Each structure stands twice: as C-alpha cells, then as structure tokens.
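Look at the two complexes coming up: subunit A is in both, with subunit B in one and subunit C in the other.
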Partner chain A sequence: MTASPSIASPRGRTLTDFLERYVVVLAVAALIVLFSVARPATFFTVGNLQTILTTQSVLLIIGLGLTVVLAAGDLDLSIAGVVSFCGVLFTQLSAPERLGWQIAAIVTLIAGVLIGLVNSLFIVRVKANALIVTLAMGTLLDGLSSAVSNSQSLALPASPLDAAISARFFGVGLPFWFTILLLVIVWYVLQHTPSGRSLYFTGEGREAARLVGVRVTRVRVTALVISALAAAIAGIVLVGQSGAAQAGLGNPFLLPAYASVFLGAATLTPGRFNPVGTVVGALLLAVGTTGLQLLGIASWVTNVFSGGILIVAVAAAALLGARRIRA
Partner chain B sequence: MINHFAPRSRLPLIALAAGAVFALAGCTSDAPAAPSAGDSSTGVPASVLSDAQSLVDQYSGIPEFEAPGDSFDATPLKGKSILVVVFSQQAAQLVTLADGISAAADAAGLESSSINADGNITAASAAIQQGITQGVDAIILDGVPAQLVVKDIAAAGDKDIPVVASTIGTSYETPGLFGLSSADYVLTGKLMASGAIVKADGEAVTAGTLTFTNPAVPDALTGIQEVFDSCGSACSIVGTTNVEPPDWGTGLSSAASSLINGNPDINTIFAVVDDTMGLLASAGVDATSNTGVTVVAAQGSGAGPLGVVQQGGAFSIDPGQSAAYTGWGAVDQAMRAMLDLEPGEDITPPRYIDTAVLKGLDVADQDAIYGNAYVDGFTELWGLSK
Partner chain C sequence: MTPTQPTGGLEESSPTPISAPSVITTSGGVAHVLEVTGLTKRFGATTALSDVSLHVRHGEVHALLGHNGSGKSTLVKILSGYHRPDAGSISFKGQPVQLPVSSAHLAESGIAFLHQDIGLVPSASVLENVRIGRFETGVGRRIKWKAERERLREQLRSFDLKVEPDDPVNRLSASQRTIVGLLRALHNLEGHTGGLLVLDEATAALPAHETEELLAAVREIATRGISVLLITHHLNEPLILADRVSILRDGKLVMTGDVAGRTERDLAEMVIGRERRAPISRPPTTTKHGDVLVAQGLSGRILRDVSLSVGRGEILGLTGLSGSGHDEVPYALYGMSPLTAGTVSVEGERVGALNPPQSIRRGLALVSGDRAVAGGVPAATVSENLSAPSLGSLTGPARWILRAKEHTLVGSLIERFNIKPGIPGVAFSTMSGGNQQKALIGRWMASPPKVLLLDEATSGVDIGAVDEIVDTLGTFASGGGAVILASTQYEDLARLADRVLVFRDGRVSHQFRGDEITAHELLAASYGEAPPRSTTAHS
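Showing the complex of A and B:
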C-alpha cells in the first residue's frame, strides 16, 4: 500500500486502518450514545431497538441483493419497481379463490427471477447501459403494478405466510431473523467461496477476471438475478408486514438501499461492497433517523442527514476503493 | 467466452423487446374503453342546471362550524401525548393539517410530536410502532393510507392506543381505527360536477378525469357520477387516466393532452387534486389560451393552486376545505377516544371555490378563504373557552 505522511509509522498505520474499517460502526455507536443520553426514556429502550430492527427488514433484504450486483460491477435501479410489482402480484394472486398463498409466492419469486434475467439479457448480452435498462425496467414494472392492482389498494388475504411475517421472536419480527439468515448466506458465499471471489474479481475488472478464467457473463447474470429475486422477496415481506399492497409501494426504498450499500462499502472492508457493511450502513441510517425523530427535530434535518451521509459514504467508498486498488 | 450476440444480431432482439413492451402496455392499460361522448346537441335539463346552481350557492359561503358530537370536558386530558404521523411533508395540505393538529393540541394542553414518513409506508409503519413503544396516548395519521398500515393500527389497539385517521375520505372503513376526520369527498365530487354544469351554462358537459391511487379519489368520482347520472346523456365522462404522483411532473400534461386530443368533444377536465393544475398548463389548457376546456379541481388548498384559480381562465373551479379544520377535527376524535366517548362525526365542511369567490382574497391566507370559526367552535365544544 502506498504510504502517506499521515500513516508513516506502524502505530499510525494501525490506527488509520482501524478507523478506516470501523468508522461507520463507531458512528452508529456514537449516535446510539448521543440519542440515549438525549432521550433515555424513549430511545434507549428495548422496545425501540425491536422496532428499529423489525422495520429495517425490507430495506436490508433489498440491500443485500443490491450488494451482490454492485460487487459484480453492475447496478440495478429496477429494485423499487420489482418490490412494488411483486408485492402487488403476490397480494393479487394469493387469495384462496385465485392461486392461494403458496403458489402465489412461488409465482412471485419466479417473476423476480424472470425480471432479473430480462435485465441481464439487455445489460450483459445486448450490452445496453445498465442504468438506462434498469431504470426503464423499474418504470415498466411501476406501470404493470398499477395495471395488476387496477390502481387500487389491495388487502392481503390472511395466510400462514402472512401470519409468519407478522410473528415475533424475542420481540423482533421474524423477517429480521430471516434477514440475518440471508446475511449469513450472502456473507459466506462472498467471503468464503470461489463464487464470491469470482464476483469481486468481476466487479474490479471484467477483462482481468475473464483472463484468469472467471465466467464473467455468468457471474453478472447471476448477480442481476439475485438482486431482482431479493427485491421480490422484499416485496412479499413488505405486503406481509403492512397487510396491503398498492402500486409504487417500493419506490421509497431505492435511495436508502443504495445509501446502505455505499455506507457499507466504507466500512469493515473499506472500498469493497460487503453484506455486513450493508447491514451496518442501514443501521446507521435507521438509528440516525429514529433518533432525530425522537428528538423532535424538524423533518428536513432528517433528509439532510440521510442525503449528507450518502454523499460522505460514496466519497469515502470511492477514495478507499482507489487506495485499496493502488495497494 | 464467445459472444453469441454479435452487434448485427442485436437489432431484431431489440425490436422484439420493444414490441413486447408495447404489447404489454397495450394489454394492461387501465384506461377504460371510452363510452360514446355526450350528445353535444342535447343540453343539460333545466332542473339539473337549477339543482347544480343550488348546490353551488349552498356551499359558496365561508363554512360554519359543525359540532361533530356532544360537548365534553377536555381538561382532564391536559398533559396527555399524541403522536402525529405525517405521510409526507412535501404535500402542502398535509403540512397545513399537521399545523392544525398542533394548534388544537396546544389549545387542549396536549403534548404533540410528529414524525414525517416521507411518503414511505414502511416509515409510517415504523412511526406507529415508535408511538406504541413510547406509550403515547393516541396516534393521529395525517394522510397516511390507513389501509396500508392495518397491522400497525391493530398493534396499537392491542396496547389500547387509539388511532385516528385524517383526510382519507369518510366512506372508507379500516378495521381498528377509532375514527376519522376528513372532508366528505363524495360531496366534493358533487360540487365539482355541479360547478362544471353551471360553468357550461346549460350546454352538454363532456368530461375527462385525471386520477391517482388514493382512498379519496373513488369517493370524488362517485360524487361526480351521481350528479352526471341525473343529467342523462348530456353529461358524460369519456375518458379516465390514472397518473401517480411520482409521474405528475411528466405524465399529467401528456395525459391531459391525450384526453383532449382523443376526444374533441371534451369541454371539462376533472383533476381530482388541485396540486396538478399547474402541471396541466403545458397541455394547452391554460388561462391565457382559452381552449374552451374548463379544469375543475378539488381540495382548495395552498396558495399555488388557488392563485391559478384566482386568475381565472380555464382553471376556474376548485372546491375544497380547510385542512387546519380537519386537523382540529382529528384532535377532537383523539380526545373522544381518550375519554372513552363514542367517535364524533368529524367531517370538514367544504366551500365551493371559483374565480369569483377568490376575487380580492389573499389566497395564502386560509382563514380568509375558509374562516376560523372552527377554533372557537372546538374550544367551546371541549369546555375550554375562556
């Protein structure tokens, strides 16, 4: 690694490394301390922790899928549309007089996979710009969501799946525990398997990866499918949590999902998209937003906080990534 | 790896995909098939025109306070806490409503706090859960689509925390809600239709409607249709286009243009919320170029839309109601819940607003348009008047 004056000594080097790795984690801890002192009766409570964890499940599921596709060097702006479309599709199909919840869930997940395949067809095969393709796909899915829902709010029929999504374990919604399971799987695959290494190789340099034998096309297609599939799962969880669906339900998740993933890329393995970092990033946003709300601060401050954090995170991820590649 | 998709072979694929997209779009269009246009040679029956004029006259004055239920003593509630979940502070009407809630809470000695959900249903859900965790005494939903947070409303109910919804219409029923405070959007729809009939002055009214996914929209359409049904073939809706809020900036103008160009008989556009009016100008339906089309909006909120109506021209009718009044009504409902009383009938009375009504008024001053009789009315109802 290229040494800079500030990291000349081994001790300084260690401290800089530590700060690089854990600055976002430290920020989360600092915010928790800050808000706990300011609002001990409302912020520093088990109930608040349970609420934060339960309500972040959907964002985390989307974020984990997005981590994979960004690590592969692509991007996916259709995720919000996939969440909306799959949420509406599942709700519409899961009525007992239609397909029932089991088949509806399978059809919805297949729809997610197909959307990922269509995205990858255009991005990987046709070599169309990923930004435009996925943006267009998101718009297309928004339109289809309105068509499937007939532009109405749809009530989700009661089902065992619906009940499971609403159930709690240690006071925290089951979707959060499912998200933790998903996190472990994604983390293991990315960090400890050849597939994960191939994904990172592909993301850092497609030609170089191709030259060392990585099947780049397959990796990229898989990443795009995983992203869409995660968004489809998030759509089902979202309507399960709320009990209803309507077009556009997933749209507000797009920016926070990217913010979480880029914040994650600035921590633990700085400059590299990583699933644990994504979870930490989402927690930073959730803790910050919740704390500011409990302080009763004007809502524009919350937006400034979220936007500002994202800018800092993107800049940090870019700087750290460049430094890591130089090293 | 061999690329099996050489550049020359991509064109048919792209063409195929484009065709599929267009086919999908065609198959899933939510616009209903246009019925035959109203027979413009047939005028509106005189009795219908007279009824329309009567309804317009009835609601053209500043609304009076209408007690939603029996009076009660609110003093025991001093110090109780309410949480207001504002669906989006980007919507002027919801901000005005939140201000009304805050003012009413202050008047009643309640402690109020608010959370902005930023248009995110999960954030709204989290906000309700936070209210439950904090143990607030009541939760007021400000524009939150209650049907999308039914489980959170039920969770609040499990903790004996009443939930009141506002601005979602009065005919909507959500399990677990204690009560509503809202405009009667069916009546608003009737005022819209009546205004259009009066404006057409006996000529046939051929209308297109611009809608979006919102619980109040079906109510407004019901009101419009009820008036049109009495009109026979002289009043008709020949096209409806749904444009969701994120697409308003780009979609409204083209939707209005398509409606007008596709149906030359159209002389009225019903825009179900008035926030959309400014965006319709580029569709050629503006105040300066009189195309013979009248834009009839609803909600009567905010200086921007009302300023457009005040200028006259095509944008000339905008019945609405005071959002601040609705906010006071929401607090009234919340207090009734906290006192274990029956829910009130908190329906915000509307005012028929057109260019003539707004003449000489400061459109930024809601009190000048809707009055503030509700402030004294509610404080007296709550036993708090000095």
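Showing the complex of A and C:
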C-alpha cells in the first residue's frame, strides 16, 4: 500500500500543510506590515512593541493555563472570576497592617489552587457539566470579589512585589519575561515529557488513555488546578500593573483568552491546543486591536475583532480536528 | 423515492396501489412481501455479500441467521439505506425499490426497523416515544393527550406490558424497552396493509429470561398480518418463533427453508460451516511452570463467582453469548471494569487495588474489543499511540522524551508487526481497522507483558490481519507469555486456544481442552446444549 503524497510527509512539507501550520503566524506578520505602512510613526516603533508585550502578560498567563485544561479535554469559564477575586484578595490582604505582601501572595495562590480543586471536585468526581460549574463558579467569585472590595476601587499598597511587577527589563515589563519562562515550562512539559502525552491522550481519548495506564482523573484534576492557579497569578500581576483593584477586573480577559487558545490550536500542530500557538494567537489579537486603535477606529471595533477572530478560530480548529481524525 | 413518483400535491401523496392485495407478487403461487435478488456488496477487496437472494412471504416470520461477519448486518444496512449495493435488486410488495433505499421511502411504503440499540429517548415517556411524529392533534395543533393515552394503554395491555403510557422509558426493564421499541415500529406501519417489520438483533442485549416476553410480542405482531424479518444470532429463536429460516455464511446464502423439523444443532452446522483452517502449529505447552495469573471468586457486572487461572505459555479462550460475562473478564482483571468481589494474583503475588497503572506494573496488558472507544487515540499520531505503553523507558534527563529512541522503537514495531501504511506522523485513525488492531497488540510487545488480555482481538478486521494476529499471539505464547482471549470467533479460538471456558449467565458452564476445542462444540456449549465430550468446569 502506498500512501498518497498529501499524507506521505510526516513533517508536513507540502504547501497546504505549511499554510495550515503557519496561517496564524502569517496573519500576524501581515497585520504588522499593514499597520506599519498605515501608521509608520506610531505603530512600527520600539515603544509600541514594548507596550504590546508588556500589556499582554496577563492574557498570556491566563491563556497558558487555559491551554492545559483544554488539552485535557475539559474547559474552565471561571478564570475571569478567579482573576478578579484573587486580584482583589491580594490587594486587600497585602497592606502591611494586615498580612503583608508575602503572606498575601501565598494566601492568594492557595486560594487559586483551592478554587481549581473545587471545580475539579464537581466536574471530575460529581461529573457535573463543566460548562455550567465553571460559569457558576466564575459568577460566584465575581460576587465575592465585590464583597471583599466593598464594591470599591482599592489602591494596591506599595511593596517589593508591586515594584518588581512594574519593573522593566530591556524596556519590557518583568511580567513579560516571567511569561516567557512560563511558556518554556509549559511547552517543555506538554511537548516533551510523558506527562504531556498523558495530558493530550486524556483530552483526545479518555478510555484509550486509561488503557495504557494514564491516571486520567489525576490528570484532569491537575489541569483544572493549573488553570485556576495561572488565573490567580494573573490576578496578582494585573493589580500590580494597574496599581489598583476592583471587582470584575478579570472580565475583559475571558474571551481573548479563549480566542488565543483556539487560534493557537490552528497553529504549529494543527488540531491540538499548544502553548506556543496560544502565544501566537494572543499576539494576533494584540497586534490587531492595537493597530485598529492606532488607526483611530472606534473602540467597539476591538470587541468585533476579538469576537470575530474567535469564531474563525473555533471553525478552523473544528475543521482541522475533523481532518486530523478522518483524513 | 417511489418509482411511481407523485408529481406533488398532498392529495395524491399515496397513489394507493398498496391496499390491494393483488400487488403482492407471487412466484410459484406464494405471495412475497419482500424480494431481495442477487444482492452483492464489496468493501475494497472483501466481499461482504455475494449474490444473496432472500424472499420473505406475506405474513410470515422469517429468521435470518448468521455468525459475526456473515454479511447479516451488511444486508440490514442495505435494506435500511445505509449502504448502496454493488449489484442486485430489491422489491417490496411487488414494486421495485430504487437503490440505495431512501428512508423516506421506507416510511411511506411500510417497512419499519427495530435495531439492537432501540433508539428511545430515555427521559421521555412511553407515549412520547411511541407516538412522536404522528400525534393526533386538534385545534391549534394541540395534541389530544387523552385519546392518545387511552389508545396506547389498550395496546400496552394487548402486549401484556405492565407499564403506563406516562412512565418514563428509563424506568422500564430492558425487555420492556424493547417491546416499546416494537410498538413504535408498529405505529410506523399504521395505515399500511401487509407491512414488514425488520428486527435487527433486537434480542442480542436482553438477558435470556427476558427474551421470551419479546418473542411473545413478536408473535402477537405476526398475527396482525405483518411480516417479520427476524435477524438474530440466537439459534433457538427461529425454532420458537419463525416459519422459515435463511442462513448466511461468509456473505453467501447457504439455505432457506422451513423451520419445522430442524434442531438447533442442524442450524449450528450451517451457521458455522466446515472448519476451514487448521490450527496453527505451535509447540505443545506441556512444559507448564505453574500459573502466572490466578483469579478467584470474581463477581462484577455480570460475573458471578468466577475462578480461573492461566499458565505460562498457555492461551486461554473465553467465550459465550453476548451478556454471558465472558467478555467482562479481561477488563475486570485489568481494573477497567469494577469488581464487587474476588482476588487476583500474578505470579503468586496478590494484586491489591485493581487499576490499569497497577496492572501494567504487574505485567498485564489489555487490548480492548471496543476499538472506537478504548482502542487507540484517533487524533494522536501512529507514533504516539505505538510508543504510549513504553514512554517511561524512552526518557532522558528531566523526563525529556528522547525522540530518536522513540523513532527507533516505533519503526521497529511497524516493521515487526507489518503495520500499514507505516507512517509514524499521521493520525492513528487514518489506518484500517486491521492495521490499528495490529498496532494495538504490537505496542505491548515492545516490552512483553506476562499476561496479555484481549477482547475480540480478531473481530472486525480483515482475514489477512486475523492471520497475522493469530501468529503474533501464538509466538507470544511460545515465548512463555500467557494469553487470555475473550472471543466469539469460535474458529479463531479453535485455532489458537489450549483451553476454552464457556460462560453462561455470568458463570463458567463448560471447559474444553486441546482437541476438544472445535467451533461446533463451542457454539453448542454457548447455546447451552450439553455437548457429548465436554468436561464440566470447576466452580
């Protein structure tokens, strides 16, 4: 039996395969060229690049956590609520007369882990619908964040952590470099270790994964905890960057996070959620929205762009996934 | 689509040649409701049906028997419009049916199906399930619930079914659900004289004692002038119920005739045919060094206090009808199907918690019979699926998977087990069933287990792959491995197994050794007939 040329090359050397893999990367490049030509003075500048990278840290941290959950075949809509709640919690606790920033940070991260555990208790053990459980958990946390903040905007007390979050390295905020470190870790674990294989197997064929000895329950719980923990970290970074916290501060990140991850699934290893793809997806969103703003287009375009891109991304992911399976 | 296509307009929607009995064709003076002539269907190189002709007489119960892979299900799928035949024709009530059969045409002309999975909505009521799509409505399309309920209650009573129209289906027993499915099919035939009801393995999933209620219901239907085509692998059902029986084997019709005067054994002979293949030559396993795996008092979903053991170099076959529990054993031993009681020891050491990681550590390996759910991961690559059980031994520092090592391993497995097309980087689902199965067995051989557990390892794969799988298992056993093979492929068991346990209602009912193992004996024992040379098993 000889294979047809279109599937003969495992590394995807045909033009369609190449396009399939790099279409999002090419889109980013095309947008950069487009906006640079249109706004050479403001868009194509080092300053703008530094701004884009710095401001994307929070989205990237959330997105990397979300990548892990989606790869495990579950989903988590509570992440925006976790960001809000943990951001507000950290701000309230870190005043020197309360717990101080060190303990506040630890408590906040533990809160993130606990939220992930509660999510997984209902989703994995009770087998409740993940969509509803995490949507409800997000709303619940959103409410709690109002309670903790007394529905007011809180100023973040100055601390070494706050200073570090605002610090710049090569002109780019420290959180961005932290995000890069996180990316390397997630990329390493997902693409290069047996744990990563177990994660993908769990997401793509749960019973088949169990058969070869994958502890499916443990993998799913871990993934849900990772996503909540990532959102908790993102909450701390977000309040550190803005210097203030109020209820609902995480809400604007929910949709872009999903858009980034699904755009990412159409990149590099088409049909699979992967961390590098997520970063490329987030970059596409950032370049697109920043560029549109610099063009002076009304700000509602941002949401139209993000929403539209998400639909395109899930459609692409569905088509690619179907191709991968049926081929 | 009817050949006499009405040119639109509700008024002429049924050009009514149907009501007149004159349209029923007669050949040799006998009325036929369904005539299947010269049906042939090929899938690639395999011929699933070869020139099959089948005539169902008006008002008869006609049984169609055949073993797995005989072409039975292909025939049903052609009748229900799922497959287009390569050759042949079908006519219903004397009208030629356009092929492939359209489902709209089935409904219009009066053919109804009841498949094994029945297809009821569990949370909806009996009434809703039976009447959906044909509710009697009044003003404002309001359903006349009262009239509907009364009518159905009457019918339920006539079928001896002690359920209420408003009972949700998920509260009914398996046989009650099947009869509700039957009723729904019957309602689909409403308004047709001389309809045909096709029962496609409808009894396969029923426990033996519940089958009788269903058979009584079928008999009731036949008395209403509806012809029944009963497709089954239970040999006793045609004897109880049918007027005539047809038997398919290897895609060919081997007989059609009256049921009267036949025994289960007669039918079994024809279902199985002559044994075609000689047992594979394998050094006899007289040099057994004790048991590798011992299981005692296993009880689970169906299993009731089953004890068994398998020795080094031994191939132990497990068989029985579906629902007998034989196919639960591999999953239970491996920890994928829950046990309520029982102990398992491997090489004398008791296995504590039964779960897959633990089982793998103890040297067990499982190849699932349900390839769609627990076979390979379809979207993952061939390479990832092949290396999955061996990943632990392929890592370097910091658990980094060494790609070169993985590549070598995968390449050698592809070559050794002749997996085609052996492209490591494509999705697993792109391979044929036979090649997937070779991969799923072969991947465990990278570091051979002590006990290989398999369920239906040779079902649903092409003949060539079957031979390769049989060879693989034989070689594995010759090398000292133990094999437990649950299967309903009696011929493959006869070729392979040193010993076979036959299950019935969750218990071991017969044991066969060596030369005693023939497809006929296994078949007869599965159906509960006491064969002359059997040694009754322990437990």
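To be clear about the criterion, the second predicted complex is superposed on the first by the 312 of 327 C-alpha atoms of A that agree within 3 Å, B and C clash if a C-alpha of one lies under 4 Å from a C-alpha of the other, contacts with A are read in each partner's own complex, and residues count from 1 in each chain.
Convention: a residue touches a chain if its C-beta (ideal position, glycine included) is under 8 Å from a C-beta of that chain, and two chains touch if they have at least 3 such contacts.
Note that this is a predicted model, so its numbers are computed, not measured.
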item: Touching partner for A:A209 - first (subunit B), second (subunit C), both, neither; value: second
item: First, second, both or neither for A:T14, with subunit B first and subunit C second; value: neither
item: Partner chain in contact with A:A247 - subunit B first, subunit C second, else both or neither; value: first
item: Partner chain in contact with A:D142 - subunit B first, subunit C second, else both or neither; value: first
item: Which of subunit B and subunit C A:Y200 touches, first, second, both or neither; value: second
item: Which of subunit B and subunit C A:N129 touches, first, second, both or neither; value: neither
item: Between subunit B and subunit C, more extensive residue contact with subunit A; value: B
item: Touching partner for A:G271 - first (subunit B), second (subunit C), both, neither; value: second
item: Which superposed partner A:Q102 touches (first subunit B, second subunit C, both, neither); value: neither
item: Shared subunit A contacts, counted only where both subunit B and subunit C touch the same residue; value: 210, 215
item: Residues of subunit C touching subunit A in the complex; value: 336, 356-357, 359-360, 366, 368, 370, 373-381, 384, 388-389, 391-392, 395, 398-401, 420-421, 423-427, 429-430
item: Residue ranges of subunit A in contact with subunit C within the complex; value: 1-3, 7-8, 10-11, 188, 192-195, 197, 200-201, 204-205, 207-215, 271-272, 321, 324-327
item: Contact set on subunit A toward subunit B in their complex; value: 42, 45, 47-48, 50-52, 54-55, 58-59, 122, 125-126, 140, 142-144, 146-153, 155, 166, 210, 215-217, 238, 241-249, 251-253, 289-290, 293-294, 296, 299-300, 302-303
item: Subunit A partner contacts - residues on subunit B that touch it in the complex; value: 1, 5, 10, 13-14, 17, 21, 24-25, 28-30, 86, 89, 113-116, 118-123, 125-127, 129-130, 132-134, 145, 147-152, 211-213, 215, 242, 244, 246
